[in-house]
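In what follows, a single structure is set out as structure tokens and then discussed.
Naming follows writing order (A, B, C and D), and every chain is counted from residue 1.
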């Protein structure tokens, strides 16, 4: 099968680099177009990232020679996409929310599906916030979105914030097994790569931690409700539970967000901790059933050692796409508590975006151009 | 006034070093006796800590020349105390719980009051667990303890675990103002110095965190109930509230424990966040009223910046004895949440022990020998 | 004695903050004027640094209320200096070299002596690069500088780069004892605070090091030659020795630069390592003789432990103004090698600047205004 | 081809774990025997490393079920080797030098070839210290070794210290091209994994560095001379050049040793820096010619970016087996200087050991048992 050519907006940033690295040997998609800020535009990709490439993995040599375009120049992109037969873009734009929202809409209006990491459209009611295992059915809103906006082929689909990735899948497994989660108090310890590059100054974080990440707690408390929501009249109606209280901290490590979660179930509660571990071990979603290339074999890995999960040792589990959970124990105040780790720039960013693209291809929303 | 000569058990360990450093210019107490494991016994203190001294601060030259004794040799200690007119010991022993419990009792039986950092006696019902601002009246149990055990001058008083220091004082301020705290979920991010030396291997913690500290969560959940307890029939009767759920993590920083706290009040709740800040700003205890040398002027410092408190910038507030609090905001699930930092080897260990000794001297339980 | 009012240019940056903190209780000088970039201008100092203050130490409350001026507005500064009777400024400007050079000259032309941390004027032949212990006599060039430029009271004096501080004083001690240093190969491991704020991105330095600091090696190789130079015809004539080869690395720690030095003497060599240690122990300069407030008692502290000096444990020696040296041993290739640590933002920046101001006051180049 | 069964001594330690991980999918060798200290003996491998496994990579499930033997029990090993048809052991023993030396000899005497990471036998004149690219011909000493000691099949071959790996190959490339290196001054910045587990206490290294690693400088100065030596009368005669002066530092990062090197050539010098880069780019050894499985395609990778090599970004180059070099520039004192990075537990330890085993199999010194 010929690979589908794709583009990356924001290709030189931290998440953009991760996209480029993860797509290096992807069986379905191939990077043919990169765009970034005007500062990088006109340079070869390898020149634009020289001295700024953050990853141990490298990019495909062919990608190094692609000329980076100005991400603001949509008409040029539309023309290039026709010429290259590109099918869609991954958006890893690092602009203001308003600029991103407008620009992503311009791409969609130009006929280019946008699979986005940006937070700009997470609260647009007809834009799905997808975790491929959890709410693949939310893709059903895309036709409503296209119709309402008069878009033919373009659309926008986004992924949620990296900070909630480690516990949304374990939560979903429990909810799907019939155990409603009513309340949840979570404290996160988030890696510096979550803030992009240059991001967190080293002076702020060596021998230190910062107990605040702008906007992160609000996202952590609201996004799960949309993800657990239902489609009604062409819009996503948010769920009302669980009530979430999040405290988000930046800690001095490179990759991997860790969350400590205490939660209360509704009336129906699992019989014991073993039952929960079994639910997690058995959990599979559409990506696993259909064996999407980016899908982890087992989305939730439970570790029995008392000192796991740990970000450095567990973030790369199943190519960074599995969520690693441990320390499940009763909570003195709620029902249970546990600790979860996920790789914030893979599962929580570029890897999650690629998995969403795989889902949307599977569902027929994106396809090779003739 | 002549200074009271004192001894340090476990003088070469991390907390022992901190005692030595903090007592360097103390106006009431003076180190005249040091004891440690047999490995150090017989050496001069400066030789015993050569290449192992952890602090930027140094020890008094006179202390460097003291010969370190074997901490297990209590009879030798009793004789030395008579000769040196030492009044009491600070115990920073790093043995097993059972060994520590027995050894501290031997010192007390030998007539030497033991002011301890060790956890061994925290659950002994007639031993007070003191935070000098919070429960100074628990010292009243000492005569009962002495009588029950047939001790004349010796007794044991301990301090609680370092991990709860940052929020016990803010909690006490609220409780004392009439606002009962019913439930509390706390996640701590604790510095490596809390594990002593050699403690946490660097391979476990660089670019990583460890979501588990042996015994720490149990201590964090139980000790506050004893501290908030009442004396009844010569024993401390634990309080039943707050119900606490703690998740304790080790993070890669040197000093300063941080806690993220969500709590629910009883029926009576503060009118607003401002009221809470005023309660904290106004809070004083006996150490402040009587101006004990080690007491911080203001036990609770509230920082209005959204990104504070931070361990590296706030741990040393008021010589490491103040608790620095910030990010007070409503909790989506309980009533309020906030973040607190305290210096784990000063307020949480040696500094807290010295403040307890100052309290006990003020109350007449320890005094200069004739 | 009334304190001399002084100003700080670049008062909100990393080094500016260190000046403010170190001058808090200074017996001779008192901060009355602060200036920074237009972004901070017009705000109170405490507002300008809110959320950006980097130090555990704080500023004097009175300084917090000073309105920050625009550092580019020299005429306003001249007027303010007349009104406040300010005597001179410390320059911690963080502009381009050309802008800094021009601006510092404007201040000097306006009658305001400039004691600078910036590198802009280090290669101006009539501007002295002062280490108060090493080349206080270079201040003699100031009258030539003033005359050549038609300045009455203003002048410019600078300090050298932070990376050479740890070994220049030990070198000078040897040279002064008659042992010419011919060749020197040095590798530095420099703290992130040396790059200012925001400075080094945490993504570049956690679990990593960066083997390059722009311009640092050139400065390390050239500045010592000017410092060891002689005044000739109103200009400083550089020394020709030692030939220096420097490799400068950024490592993940907050404060304190470490240097590993191998050096070859000229024909005359010390008899043994002990002789060198004695030379270092006995070394004193004018700041020590005259007991300047910022001067360390002993400029060079030698540690005998095989694993010292270490930046975290030694950087604060004698308020961060002493150089701590250790590991003196024969070199297989040259004559000797050793390791040295100094505090880069104190001895290497603000503390060194203050010591220079104390020197220049002692020599009569700055004084209280009538 | 059936895989050759092999054993690992010291299998639970840091380097032992790396062996287990690297051999997981090795095409020639397969782990069938593990031995460690008595503390681990009798446990399954997975139990012995539970909570202590340091790597993100995992071990083969079959290895997890192997019962760990007591490494001191050689007779049991000899019997097991017969039964399992194991051919040789990798030694990653972490005992004292004398114990290791004796124990490795016992294994060899028992007919088991020992390919060792330990330093114990590096100075035994008839034991080769192999870097497979640099001195494969030193394997020729094995028959002399066997004869002198009366060993039939057993022998001992070792690899050099991890700290010299990053520059020995670049040096060899230059020497082989005809440019004798006369003198070399090197400063290393070494990762904590080099000290094994538990190794460096985190309290010693967070926000700090330690300018001393016991024995490391001596090894760095002597081992290259043996590696560059020649076989004479059944012993390796050390080379007399280059004269090396090494300063070794421990820095706070997980993996990857960095070295800053200044060197002086003999009379014949490369024409320019470009020539050196070409020599390095063209460099190949026997492992490359014969395409050994563990061999990097290109042993020396030169990076042109001014801020490379960096340990976190370059240590994993070509599965951690390539040496990454950069910053080649003239030296003010000697001829040239450059910076080099290599992965200390892969190229510098287990990976280098495996490459040596591949070499020795290629040369016929080890083979499958019938």
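Rule of thumb we're sticking to: a residue touches a chain if its C-beta (ideal position, glycine included) is under 8 Å from a C-beta of that chain, and two chains touch if they have at least 3 such contacts.
Just so you know, these numbers come straight off a predicted model, no measurement behind them.
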{"item": "Chain at maximum distance from chain D, centres defined as averaged CA atoms", "value": "B"}
{"item": "Where chain B and chain D are represented by their mean Cα positions, the distance between them in whole Å", "value": "47"}
{"item": "Inter-centroid spacing, chain D versus chain C (mean Cα positions, whole Å)", "value": "43"}
{"item": "Sequence positions of chain B contacting 2 or more other chains", "value": "54, 204, 206-207, 252-254, 306-307, 312-313"}
{"item": "Topology of the chain contact graph, where touching chains are joined (line, ring, star, complete, other)", "value": "complete"}
{"item": "Chain A - residues contacting chain C, complex", "value": "14, 54, 192-193, 197-207, 252-254"}
{"item": "Partner chain D, residues of chain C touching it in the complex", "value": "183-185, 187, 189, 204, 207-212, 221, 243-245, 247, 249, 251-254, 258, 260, 262, 306-313, 326-327, 331-334, 337, 339"}
{"item": "Residues of chain D touching chain A in the complex", "value": "50-51, 53-56, 206-207, 254, 305-308, 312-316"}
